[in-house]
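Chain IDs A, B and C follow the sequence of writing; residue 1 opens each chain.
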Amino acid sequence: MITPLYAQSLLREGAVMAAVAVALIGLPWFLTAIGGYSELATPIVLWGIFALGFDILIGFTGLLSFGHAAFWGLGSYAAGLMLLRVTDGFIPAVLVGTLVGAVASLLLGYLTLRRRGIYFSILTLAFAEMFYYAALSPLQQWTGGDNGLTGIPPADLCGIAMKGEAIYYVIAVTAFIGIYVARRIMRSPYGLILRAIKSNETRVASTGIDTRRYKLMAFVISGVYAGLAGSLSAVYQTYVPTDALHWTTSGQVVMMAVIGGVGTLFGPMIGAGIVLYLANVLSGVTAQWLLIQGLIFMGFVIFLPGGVVDAGRRLALLLSRRPAPTDKRAAGTVSVHPAQAE
Amino acid sequence: MNLANLSLQLLTGLQIGAIYVMIALGLTLIFGTLGVVNFAHGALFMIGAYLGYAISEATGHWVAFIVVPVLLFVIGIAIERVLIRFFYNRPAVDQILVTFGLALVLQELMRWIFGGTNLPYGTPDWAIVPVDIGIGYYPPWRLVIVGVTIAVVGALYLFLRFTRFGLVVRAGMRDPEMLGYLGIDVPKRFTFVFGLGALLAGIAGVIGGPITGVTPDIGMAVLVPSFLVVVIGGMGSLPGAVLSGLLLGEAVSLSVLIYPPSTQIIIYLVAAVVLLWRPRGLLGARGVME
Amino acid sequence: MALLEVRNVSKHFAGLRALDDVSLSIAPGTIHAIIGPNGAGKSTLLNVLTGLIVPDTGSVVFDGQSLLGLPAYDINQRGIARVFQTPEIFPDMSLVENVAIAAVAARDGSYRANFFQHPRALQPVREKAESILADIGLGAYLNTEARHLSRGDKRRLELAVCLAHQPRLLLLDEPTAGMSHHETHSTAELLRRLSRNGMTKVIIEHDMDVVFSLSDRITVLHQGRIIADGPPDEIRGNPTVQEAYLGGAHL
């Protein structure tokens, strides 16, 4: 039965996803227009998928992981190896890569979620580093060691070689689906509980929720997105660098999420676009691109922790000449007994 | 494998552990007192190594050994005053993010100034030739590192145990709020402790640099094991840091003898085992950030 | 048969005897108050009952089943809800969302992998949350963020969150702390109204007016031990109790 409320939300959802589709289709053109190049769209959307899943973990569940390169990297290697040694089918390669990301995140999540807060973050960093070192040395016959996995053949999807424009559209479709799924998750009862965990974990536990399992599942969901993005990256680049598992990769997705704006799903994707665009533009001008990125990142953490999305929101509020947020707050302090208002 | 070889390897384990311990001590001090997890601590080690190289090239090693820790102390104070102190009331996630950003910035700064290649930071001339220590020939500088670490740990212990300031630090590690109520100037104490932590990292960097190498990524490379040392030993526990530092150092060293391909990843395996068996760490206090 | 049976529970904290051989029985459908001077161990007892602290010795049996060693969420799912001393709510979420979370937990249990469930399915949950909030007097602020509420209203919100579970036993840790006379009165009224449908309540309280007007039975804790246990009239005239308070409360 379609109630008016339901119809309303359907329309809204439709509008949002339509806007997403337009953005994805128009991205290559938009990039050329602002001084980039259209092929940059592919890595942007790839990292966007990575960052999207990451936001579910950091923005909604409140867990900061410094180890997600593990899932991106393992997904990359798995997909690459599939293409090199098993079949040149696009779907099996990406499927296997995503699965590997899922399993790895289940194991790593189980281990690291035994601790909370700061400990958790440290442990994610540590165990991801383990995978990096394992790929460098003990497992180098599989991973190509220091050189990475080279010479990956182009993948085949129904007779079409996955490169250039073709692969961009496949990746864009994947991103579209990924965004829809992420929004569904966050609007489900599951998403409500994840947000509650971020808001007040003690209260959630005392309200009958097994927080451990919810956190683990959020971790795995973000690992699936990371593995998926990593697999697609291997297909796109036809090469997997060892850096895919390095802490700098984990750091990149963290910076993208913060710069874009955590907790918004779209923010981190925008962050990916900004970071990659700037990297592209600035690395032609200076060798110190990473230094600048680090400073920008710190700037956001210090002054604009809500990221670009939040800055945009505030700007919009300012421009629409509504009362400043502080006034709004005071007016909004409600109480049955106004004298008691804090 | 004979007993002499084993002993030498155990000795190396002490040296590896010594560097972890010195960094872990600084980390634990800062976290225990200020409640801040300093992701930039490895970068401080790295700066110590770079400065050690630069100064020793100019004026010889001994000057470097004295000047670098002092410089790092000053740098630490500057970082606390300019950045860290604005984050005491912000959520832990923000603290981690800003110190991580700082680590990245410092690392790239060093790369910009010194380039990315491994700088030839050597030990003092008298320490180049291996000496006969009875059970075999051994690089003397490794012994120096162990000796300095023991001295530093001892000095830290005496300082915390027997000085008034040390008492305040220990009390602050248990109950910072109370300290404020007692009228003790908490902000100044915080600044000093951060500087002290940086100083420890500086000592580690200036004497450890010849062994670990001097590159921009050396900071994070020593930070991760040191983090594990703190997590395994129990956050906020100084004896725990020493104990687990030794444990991990020996694990790495022995893995060279037993199964060389595992050397790089052995510490993670040990950490995983400890985590599964004793989530609170070897000597960790209950309820401290579980 | 008692709803909650506590027997010989003791808990030490590094030499401090927080609870010393505490035994009490909570009868179903009653309001049972636990009073005592500060530091008597009242909050510790509540923590034991909700699984946040494991006692050194003793047993806690709820409706015939032992609660010892069970995680806090399991205890809550079995029918025990708790209102904390400082209101624990979700500050950055709206009032409806606050209660909806509890309603979802009540509906789905401690874990359900329903991440694809359509938002439509949350409609009955929202309606239930709205009616509970209206019932408790917060109906006008459904979509306000919880952090904007006054302390008293935050406590009401917390109560609403607990009620979403329809708990059989409600534990309240100083529900009227920091409230004005007016607010205290309306809170007491609310509690009285809730007990009409047979919900059992355990209240830690310092306000003696509330204690004596509401409770069916009173247990007095002092330095971790029970020094008196009985109906209000018995406690009122009890010299040991008066001594323990030493002129603090006006009985």
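Keep in mind that, in the parts below, a residue touches a chain if its C-beta (ideal position, glycine included) is under 8 Å from a C-beta of that chain, and two chains touch if they have at least 3 such contacts.
Just so we're clear, the structure is a prediction, and the values are computed from it rather than from any experiment.
If you sketch which chains touch which, the chains link end to end in a single open path, with no loop closing it. Relative to subunit B, the chain whose mean Cα position lies farthest away is C. Note: centroid distance subunit A to subunit B, computed from Cα atoms, is 32 Å. Inter-chain spacing, taken between the CA centroids of subunit B and subunit C, is 47 Å.
Our note on geometry: subunit A versus subunit C, Cα centroid distance of 41 Å, whole angstroms.
Within subunit B, no positions touching two or more other chains are listed. Of all residues in subunit A, those touching subunit C in their complex are 5-6, 9, 181, 184-185, 187-193, 195-196, 199-200, 202-211, 213-214, 217, 221, 329, 332-337, 339-342. Remark: subunit B residues 31, 37, 83, 86, 92-94, 96-98, 100-102, 104-105, 108-109, 111-112, 220, 224, 227-228, 230-231, 235, 261-262, 264-265, 268-269, 271-272, 275-276, 279, 289-290 touch subunit A in the complex. The touching residues of subunit C, when paired with subunit A in their complex, are 50, 71-73, 76-77, 81-82, 84, 88-93, 97, 100-102, 104-106, 108-123, 125, 137-138, 140-141, 144-145, 148-153, 156, 161-162, 165, 179-180, 182-183, 186. Those residues of subunit A lying in contact with subunit B across their complex are 58, 62, 64, 66, 111, 114-119, 121-123, 125-127, 129-130, 133-134, 136-138, 247, 251, 254-255, 258, 287-288, 290-291, 293-295, 297-298, 301-302, 305.
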